[in-house]
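Each of the next two complexes has chain A plus one more chain, namely chain B in the first and chain C in the second.
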Partner chain A sequence: MSWLSLLVFSPLIGILLLTITPKHNANMAKLVGVIGAVIPFLLSLIVFQTFHAGNELSEKLTWMTLGQDAFQFTINYELGVNGFSLILLLLTTLISLLSMVIARTQVKTSWRSYYILCLLLELGILGVFAAENLILFFIFFELTLLPMFLLIGKWGGLEREKAAYSYLIYNGLGSAALLIVFVALIAKTGTSNMTELMTIVPQLDDGFRMGAFIGLLLAFGVKLPIIPLHTWMVRVHVYAPTALVMIHAGVLLKIGAYGLIRFGLGFFPAEFENMAPLIAILGIVNLLYGAFIALVQQELRRILAYSSVSHMGIVLIGIAAVNEAGVQGAIFQTVSHGLIAALFFLLVGVLIERTGTTELKKLGGLAKVMPVTAGVLLTAALASLGLPGMSGFVSEFMAFLGLFETLPILAAIGTLGLILTAVYMLRAVLNITFGEGPTYPENLRPLSGTEGWPVFILLGMIVLIGVYPTVLTDMLSTTLETILIGMGG
Partner chain B sequence: MDLDTLLQFEWSLMAPEFTILIVATVLSLLDLFLRKEVNRNHFAWLAMGGIALSFVFLLSQLGHESSMILFDTYRFDPFSISFKFVLLAGTFLVLLLSHSYKEAGEGGYRGEFYYLILIALLGGMMMASSADLITLFVGLEMLAIPSYILAGIQKRSTRSNESAMKYIINGGISTAITLFGFSYIYGLTGSTQLNVIAQNLSNITQSSAEGLAIMAFLITFVGLAFKISTVPFYMWTPDVYEGSPTPVTAFLSVVSKAAGFIIILRVFMSIFGGIAGIRLNETFLESMIIFIGVLASLTMIIGNTIALRQRNMKRLLAYSSIAHAGYLLVPFVALSPMAFESMWFYMIAYMFMTLGAFAVLQVLIRQSESEDLSIFSGLFHRSPGLAILMTIFLLSLAGIPGTAGFIGKLNIFLGALFTEPGNFTLVAIMLIATVISYIYYFGIFIQMFFRHAEFQTRIRLPKSISAVLVICAAGTIILGVLPGTLLDFYHQHIDFNELTGSLWK
Partner chain C sequence: MLEYAWIIPVFPLLSFVLLILLRQTVTDKSSYIGIGLSGVSLILSGVVLLAQMSQGNLIKSVSWLSIGNIELTVGYLVNPLNAMMLVLVSLVSFLVHIYSMGYMKEDSRLNVFYAYLGLFTFAMLALVLSPNLLQIYMFWELVGLGSFLLIGFYFYKKEARQAAKKAFIMTRIGDIGLLIGIILLFWQTGSLELTSIFAAVEAGAMEEGMITLIAILIFVGAIGKSGQFPLHSWLPDAMEGPTPVSALIHAATMVAAGVYLVATLFPLYEASETAMLVVATIGAFTAIFAATIALVQKDLKRVLAYSTVSQLGYMMLALGSAGYVAGVFHLMTHAFFKALLFLAAGSVIHAVHTQNIEKMGGLWKKMKWTGPLFLIGALAISGFPLLSGFFSKEEILLAAWGEGHYVLFVLALIAAFLTAFYMFRLFFMVFTSPAKTNNVVKESPKSMTFPMIVLGALAVVAGYLNTPWFGTFLGDWLTAGNGFVEAHHAEGPIWIMLVTILLSLGGIYLAYVIYHKKSLERDFLSSTFPIAYTVMYNRYFVDEFYQMTVGYGARALGYLGVFLEKYIVNVIASLCSEIVQGIGKQGSKLQNGQVQTYGAVVFVGLVIILAVAVMQGGVFQ
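Let's turn to the complex of A and B:
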C-alpha cells in the first residue's frame, strides 16, 4: 500500500478510534477527533514530500470485472496525483484539521458522531482528489453525500432539514448526470482510467462528445455552483454548522472546479473552446448576480454565500479563457477562495458563539469590543475583494488576464464584478466593525488560543500565496502542461 | 409411458427439486401425525436443512452440459441453475426470518407455513427449468397458490384475510390473462414447447398473423407483470404486502418476484428472441421491447413517487419493491449481452438488502406494534447497531456506492449504455427515479438519527433474526466493496455465450 492509499483511508483510523471512545466522555471524543484529523494532515505532508522528491505515487490494482468475453469491463482501483490535485489534497487535510479544532468549541452536542461523520466526509473528499479512475472518483464523490446530509440535518441551524434535503436532491441529480456521463464513456471506450481517456475521448464522435460535455457541465455546475443551480448551496451556507461550512465552502465546493478542469478541459478541450463564450457568460452571470445579491443581504452568512457564488464565477471565467494564464487563475481562485471562505466561516462561528447573531444590524461596532476579531474579519474581506498582496488578487488578475487575451469584451464586462465585490464586502464588514451597533455585553471573550492559531495559519497562507505565488505555480507547471497539450495551446 | 422410458431420464439432475419435494412431504406428514404439543417451529430447521442440501446438489450441477428430460419439457441449463441459486438462498433467509416471527394469539398454523413455503419454492424452481408452456404454467400456479394461502395464514386477522383476498383475485385475473396470451401462442404454432414455438413462429412477421403475434406478446407480458409487480399490475402489491405477515411479505417481494423475472426472461427470450422482427435486421423481441421500456419507466417513476407519501413502512417497502422491479426490467429492455449478469447480480443484491430491511422492520413492528414510519424514531439512540444495519440496507436500496445496490446499478447502466445505440433515455429515467427514491430512504435516516424515541425500551434480537441481519449486511457490504467474489465465480462457471445461446435455441 502506498502513501496515497494510506492518506485517503487514514481518516478511518480516527473513525475506528472514535467508535471505541466512551459515549459520554466529550473531552476524549474531541481529542480523538482532532487526532483523527491530524493523521491525514501529516500523511498529506509526506505525500507532498514524496511527490517533490519525484517518487512514484500512483498505484493500480484490479478491482472487479463486469461482463465477460468480448463485453468485458475491468474496473481498477487506481490512485494518483498531479500538481493540482496535490494542492487540493493539502488544502483538504489542512482545512479539515482546522475545522475540527474549531468544532470543539462551536459544536454543542454529540461530538463523537459529529467527528465520525466529519472524518468520513474527509475520506470522501480526499478520495475524489486522489482518484485516477472514473468509477473510483464517482464512488468517493457519492461518499460525501450521506455524511453531509446527516451533518447538516442534525447539527445545523433553523431550517436544517430543509437545507439537508436541498443538498441531497441537487447533489443527487448532479451525481446522476455525472454517472451517466462516466458510464457512457466507459461503455464507449472500455476503459475507466482518466489518463487513457484523455487521449481516447477526443477521437469519439462529435454528437456524443457534446452530450457528455453538457452532462459534465451540469454535474459540476451543481457542485461549483453555476447559477441557477446555486440555491442549495446558499441554504447550506446559512443553515449548516459553521465549522462544517469551513469544509463545505473551503474544499467540498472545489470538487466542482476540479472536475471542470480535470474532466471538462482534460477530456473535451475542443468542446470547451467552442463553448468558451457561453462559459465565460455563465461565469460573468455568476460573478455579477452573486455580487448584486450580496449587496442587499442583511445577514453575514448569506452575504458570504453569495460571495462564494460570485467568486466561483471567476473560476468559470478563468477556465473559459482556455489558455495558461486563465486556467492558472482558475486554479488559484479555487485554492484562494478555499482559504478565504474557511477563514470567514471560522470567524462567523466565533461571532455566533459570542453574540448569537449574524444580522448586520445587530453586529455594529465590533472593533471596540473584539478588536482582533474585527481586524481579521477586515483582512479577510480585503483578501476576498482582491487586494494586491493577498491570494485573491493573484487569482483574479490571472483569470482576467487570460480572458482578455481571448474574449476581451466579456472580460471588460466582468471586471465590473470586481468593483461590486469591493462594495459589498466593505459594506458588510465595515458595518460590523465600525458601524452603529448595540451595546455588547462586557464579558465578550476575545479570540482564544485554539481559535487564534487556525486564524493565523489561514491568514498566513493567504498572504503567502499573495506575495509569493510561485509556491503554487511551481507545483502546477507540469499539470498545466498536460492539460494544455490537449487544448493545443 | 412405460417404466423403461421413465427410467431413461437423467433423474439425478432433478435432485435439488426432489430434495425440496421430499422435505415438504415429510413436513406435511409430520404436521399431520405429530401430537399438538410438539412445537412446529422446529420445522424451520428441517426446511432449511432441505434447502441447504438442495443447494449442494445444485452446486454439483455447475458446469454440467445443458440437457432436457421428460420429452423436452424440463431443461437444465446455465440459466436455470444460476437463477435457482437465487430462489434457494432467498427462501432460506425467509425461513430464518420466519422462525422467530410471532404474532399474538396466532400460534396454531406454524406447520403449514413451512411446507407451503417449500412448495412455493418448488414451483419457482420448476418455472426456472421449464421448457414448455404447460410445465411453466404448472410451476407458476404451484408458486401462486401456496402464496395466496401464506398471505392469509393468520386466519383471525382481518388484514391478513383482506390481503389474501386481494391477492387471490388479482392473481386469478392475471393468470387468466397469461393463459389467454399463451393460447394465442399455441394457436399460432400448434405447440406448447418453447423450441417448437420458436421454430414455427420464425416466419410469422412475413405472414398475415403478425398482429396476432404482437397481441400474444403484449398479453403474455401484461399477465406475467403481475408476479413482478410492475405497471400495469402493481396495484395489489402495497395492500398485500401490508396485510401479510412480514416473512410472507419478504417472500413475495424477493422469491416470488425473482421467479417472475425468470419466467419472463425464459418465455420472451426463447420464443420471441429468435424470430425475425417487424423491421429489418432485428428480432421480434427488439421490435417490441419499446413497450416494455415504457412500462419499466412508468414502474420506476410511479413506484418511487407514490412511495414518497407513505408512512406505513410495509407499504413504503412495497412501493420501493415496485420501483426495483422497474430497475430490473432495464437490462431486459436494453437486451445487451450483459443482461443476464446484470439481472442475476441485481437480484442477489436486492435479496440481501430487501430481506435485511424486512428483518429490521419485523423486529421493530413486533416491539412497537405499529407499522408507522415513527417506529424508526430515535432508533440510533435506542439500538445503534440496528440503526447502522438499517442504514446499510437503505443505502444499498438507494444505490449509494460501497453497497451491493450500487454495483448492481452500475452493472445495469453499463449494459444499457453498451448497446448500440445506447439506451440513454431509459438510464436517465432510472437515475432520476433513483434520486427521487433518495427522498424517502433518507427520510428514514431523519427518523433514526434526528428524532427522539417514543419508546426507550431496549430492543432484544432473537438469534435467528440476528443471523439474517448479519448475513444480509455482510452480503450487501461484500458485494459492494468486492463484487469480484461473486462475479468471478459466476464468470468461471457460467459461460455467457452458452447462457445466451441456451435461451435463443
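Let's turn to the complex of A and C:
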C-alpha cells in the first residue's frame, strides 16, 4: 500500500478507536477524535514530501471485473495526485484537524458520534481529491453526502433538519447528473481513468461532448455553488454547527471548483473555450448577486454565506479566462477562500459561544471587550476583501488579470464586485467590533489557547500565500501545463 | 549604500510587529520603540539620498509570482523622486512619532497607536521604493489600510467608525480604476516594470486612445487617494483620527501618493494630451472647489483638511500642465507647512479641548511657540513672499500659464486668494480674537513643540531649493536623474509674480479686516449671499448626493436580490424538491402490500411488453 492509500483511509484509524472508546467518557472521545485527525494530517505531510522529492505516488490495482468476453469491463482502484489535488489534500487534513480541535469546545453533545462522522467525511473528501478514476471519484463523492447530512441534522442550529434535507436533495440531484455523465463517458470510451480520458474525450463527437459538459456544469454547479443552485449552501452555512462549516466552506465546497477544473477544463477544453463568455457571466452574477445580498443581511453567518457565493464567482471568472493567469487565480482562490472561510467560521463559533448571538444589531464594540478576537475578525475581513499581503489579493488579481486578456468588458463589470466586497465586509465587521456595544456578560473569555493557535495557523497561511505566493505556484506549474495542454493557446 | 535601500521600510515594520506582539507589556515604552525605529529609517533615508546624488539611480528586483511564462517581480528603485520621497516620508513620520509622545500620552492604547504608525510608515516607504506597478498597487492598498486603522483609532466613536469605513471604500473605488489601468497596461506592454512601460510608450507601441484610457484609469486611483473631486469627501471626515495622524497621513504623505503616482508615471501621461488635460482640469477645479468650502467651516481640522484637498489640486494642476518639477516641489513644501499647521492645530486642540474655532481665541499670548509657528505655516501656505509656499505655488502658476491653460490659471489665482483668506480667518479667530472662556491654557510640552520648530524652519527655507533667483537645484536634480522626463523650465511674465503677491496679501488683509479689526461685519458675506453660504457650508451636498444615489441604490439592489432569493429562487427550489417528493410518493403508493395490485401491474406490464413485441414483429419469429 502506498502513502496515498494510507492517507485516504487513515481516518478509519480514528473511527475504529472511537468505536471502542467508552460512550460516556467525553474527554476521551474528544482526545481520540483529535488524534484521529492528526494522523491524516501527518500522512499528508509525508505525501507532500514524497511528491516534492519526485517519487511516484500513484497506484493502480484491479478491483473488479464485470461482464464476459467482449463486454468485459474492468474497474480499477486508482489513486494519484497532481499539484492541485495535493494542495487540496493538505488543505483538507489541515482544516479538518483545526475544525476538530475547535469542535471540542464548540460542539456541546455526543462528541463520539460527531467525531466518527467527521472523520468519515474527511475520508470521503480525501478520496475525492486522490481518486484517479471516475468510479472511485464518484464513490468518494457520495461518501461525503451521508455524514454531512447526519452532522447537520443532529448538531445543527434552529432549522437544522430543513438544512440537512435541502443539502441532501440538491447534492443528490448533483450526484445524479454526475453519475449520468460518468456512466455515459465510461460507456462511450470504455475507460474510467482520468488521464486517459483527457486525451480521448476531446475526440468524441460534438453533441455528446456538449451534453456531457452541461451535465458536469450542473453537477459541480450545485457544489460550487453557481446561482441559482445555491440555496442549500446558505442554509448549511447558517444552520450547521460552526466547526462543521469550517470543513464545509473550507474544503467541501472546493470539490466544485476541483471538479470544474479537473473534469471541465481537463476533458472539455473546446467547450470551455466556446462557452467562456457564459461562464464568465455566471461568475459575475455569482460575484455581484452574492455581494449585493450580503450588503443588506443582518446576521453574520448569512453575510458570510453570501460572501462565499460571491467569492466562488471569482473561481468561475478565473476558469472562464481559459489562460494560465485565470486558472491559476481560480486555484488560488479555491485555497484562499478555504482558509479565510475556515478562519471566519472559527471566529463565528467563538462569537456564538461568548455572546450567544450573531445578529449585527445585538453586537458592537467588541474591540473593547475582546480586542484580540476583534482584531483577528477585522484581519479576516481584510483578507476576504482582497487586501494585498494576504492570499485573497493574489487570487483576485490573477483571476482578473486572466479575464482582462480574453473578455475585458466582462472583467471590468466584475471589478465592481471588489468594491462591493469591501463595503459589505467592513459594514459587517465594523458593526461588530467598532462603535458602542451592548452590555456584554461580565466574563467574556478572551481567545483561549486551543482557539488561539488554530487562528494563528490559519492567519499565518493566509499571510504566507499573500506575501510569498511561490509556495503554491511551484507545486502548480506542471499541473497547469497538463490542464491547459488541451487549450488552443 | 544604495544596495541596502530596501532595509529602510523594514524598521517601521519591525516596530509594528514588535508592538503588536508585545502588546500590554510595553505600553509606556512603546513610544521609544516607535521613535527609535523610525529614527533609524530617517538616518538611512538621508544616507540613501546622499548616495543617490553621488552614485545615481539603482534598480533591483527578484521574482515574486510566476504565471506560466509571465514573471512578476518585487524590488526597489532609487531615483531622485523616490529618494526625495523617502526622506520626506521618514522625516515627517519621525517628527510625528515624537509629537505623539506628548499628544497621545494619556491614551491607554498607546502601543496600538504606535504599531499602526509603524505599519503605515512601512507601507509608505515601501510604496515610494517600488519599481513596478504591481508593487505600487500593493503598498498603495496597504497605506490605505494604515490610514483606515488610524482614522478608526477611536473605534468606540460612531463618527470614527463611519469615517474609517468611508475612507476605505471611497479610496477603494479609485483603486479599482488603478487596478484596471494596471492590468490593461500589462496586456499592452507585457510588463509591469516602470522602465519597460516607459520604453514601450516611447517606442510608440500603444495607440494614443489606449494610453489615454489607461492614464485616466490610473488617475482615478490618484483621485481617490489624493482626495480630488469627486472622490474627495472622505478626506475631511478622516479628521476623526488623532491629529498627529492627520498631519502624517492626511496632509503630508499618503494623500500625496496620488500626486506621486502621476509624477512617477509622468512619461505615460505626457504621451496623451487628453489625459494631461483631464489631470489639470480636475486639479484646478478641486483647488478652487475645496477652497470655497474651507472658507466657511467651523472645525479647525476640517478647514485644514479642505485646504489639503485644495493644495493637492494645485499639485495635480501642475502635473497636468507639464510642470513635473512644480508638482513635486509643491508636494514637498506642502508636506512641511501642512504638517506644521496640523501639528500646531493639534497643539491648540490639546490645550483647549475643542475643535470649534468659534470657541477659541486669545491664544497668541498663551501659546508662545504654537502661535508663531502656526503663523509661519499660514504665511507659507498663503504664498507670502520669501516663504516656501510662495516659490512652489509660483512654479505651478507659471506652468499653467505656459501651457496656455488660461481658465485653469485664473481658477488657481482665485484659489490662491481664497487660501490666504481662509488661513488667516483661522489664524485671527484662534489666536488674536478675544478669549471665549476663562480656562487655563498651557503651552504644549517640548515633545510637541520640537517637531513643530523643525517643520517651521523647513517651511521657511525649503523654497530656496528651487527659485528663479538663486537656482533651480531641485528641478535640475529631479530631471537629470530621470531620463524619461524632460526639463521644462517654466518661465513667464513678471506680472504673474506680482499678481500672486497682491492676491496673497489681499486675502490676508481681508481676513484681518473682518476677523481682527472687525471693521467689516463677520456675517457680511454670508448674509449677502445666503444661498452660496448654505451650499458651501454643507459642502455642496456631495455626501448627501452620494447617499441618495449610490448608497440607496446599492441597498435597493441588495433588497432586490433578497426578493429574488425569496420569491423566485426558493420557489423554484422547493418546486423541484416537491416534484421529487411527489414522484417518490406516487411510487410508494404502488407498494401498498396488496397482492392484487401487484398482480394487476404485472399483468398490465406483460400485456404492454407483448404488444410492443408483436408490433415490432420481434420475439416470436
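As a working rule, the second predicted complex is superposed on the first by the 488 of 489 C-alpha atoms of A that agree within 3 Å, B and C clash if a C-alpha of one lies under 4 Å from a C-alpha of the other, contacts with A are read in each partner's own complex, and residues count from 1 in each chain.
Operating definition for what follows: a contact is a pair of C-beta atoms (placed from the backbone, for glycine too) under 8 Å apart; a residue touches a chain by one contact, two chains touch by 3 or more.
These numbers were taken from a predicted model, which means no experiment stands behind them.
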In this superposition, the partner of chain A with more touched residues, chain B or chain C, is C
Touching A:66 in the superposition: chain B (first), chain C (second), both, neither?
first
Considering only touches as defined above, state whether A:444 meets chain B (first), chain C (second), both or neither.
neither
Could you say whether A:46 touches chain B, chain C, both of them, or neither, answering first, second, both or neither?
neither
If you stack the two complexes on chain A, which partner ends up touching A:419: first (chain B), second (chain C), both, or neither?
second
Pick one for A:173: touches chain B only (first), chain C only (second), both, or neither.
both
Taking the superposition as given, does A:404 touch the first partner, chain B, the second, chain C, both, or neither?
second
Return first, second, both or neither, reflecting whether A:153 touches chain B, chain C, both chains, or no partner chain.
first
Under the contact rule defined above, give the chain A residues that sit at the interface with chain B and also at the interface with chain C.
165, 169, 173
For chain A, which residues are in contact with chain C within the complex?
165-166, 169-170, 173, 227-228, 230-232, 289, 292-297, 323-325, 328, 365, 367-368, 382, 387-389, 393-394, 397-398, 400-401, 404-405, 408, 411-412, 415-416, 418-420, 422-423, 426-427, 430, 433-436, 469-470, 473, 477, 480
Using the touch rule from the top, collect the residues of chain C that touch chain A in their complex.
63-68, 70, 134, 137-139, 141-142, 145, 152, 155-158, 160-161, 164-165, 168-169, 172-173, 176, 179-180, 183-184, 186-187, 554-555, 557-562, 565, 568-570, 572-573, 576-577, 580
Listed in rising order, the residues of chain B that touch chain A in the complex are 336-338, 341, 395, 400-402, 406-407, 410-411, 413-415, 417-418, 422, 424, 427-428, 431-432, 434-435, 438-439, 442, 445-446, 449-450, 482-484, 487-488, 491, 495-497
Complex contacts: residues of chain A adjacent to chain B:
63-71, 73, 135, 138-140, 142-143, 145-146, 149-150, 153-154, 161, 165, 168-169, 172-173, 176-177, 179-180, 183-184, 186-188, 211
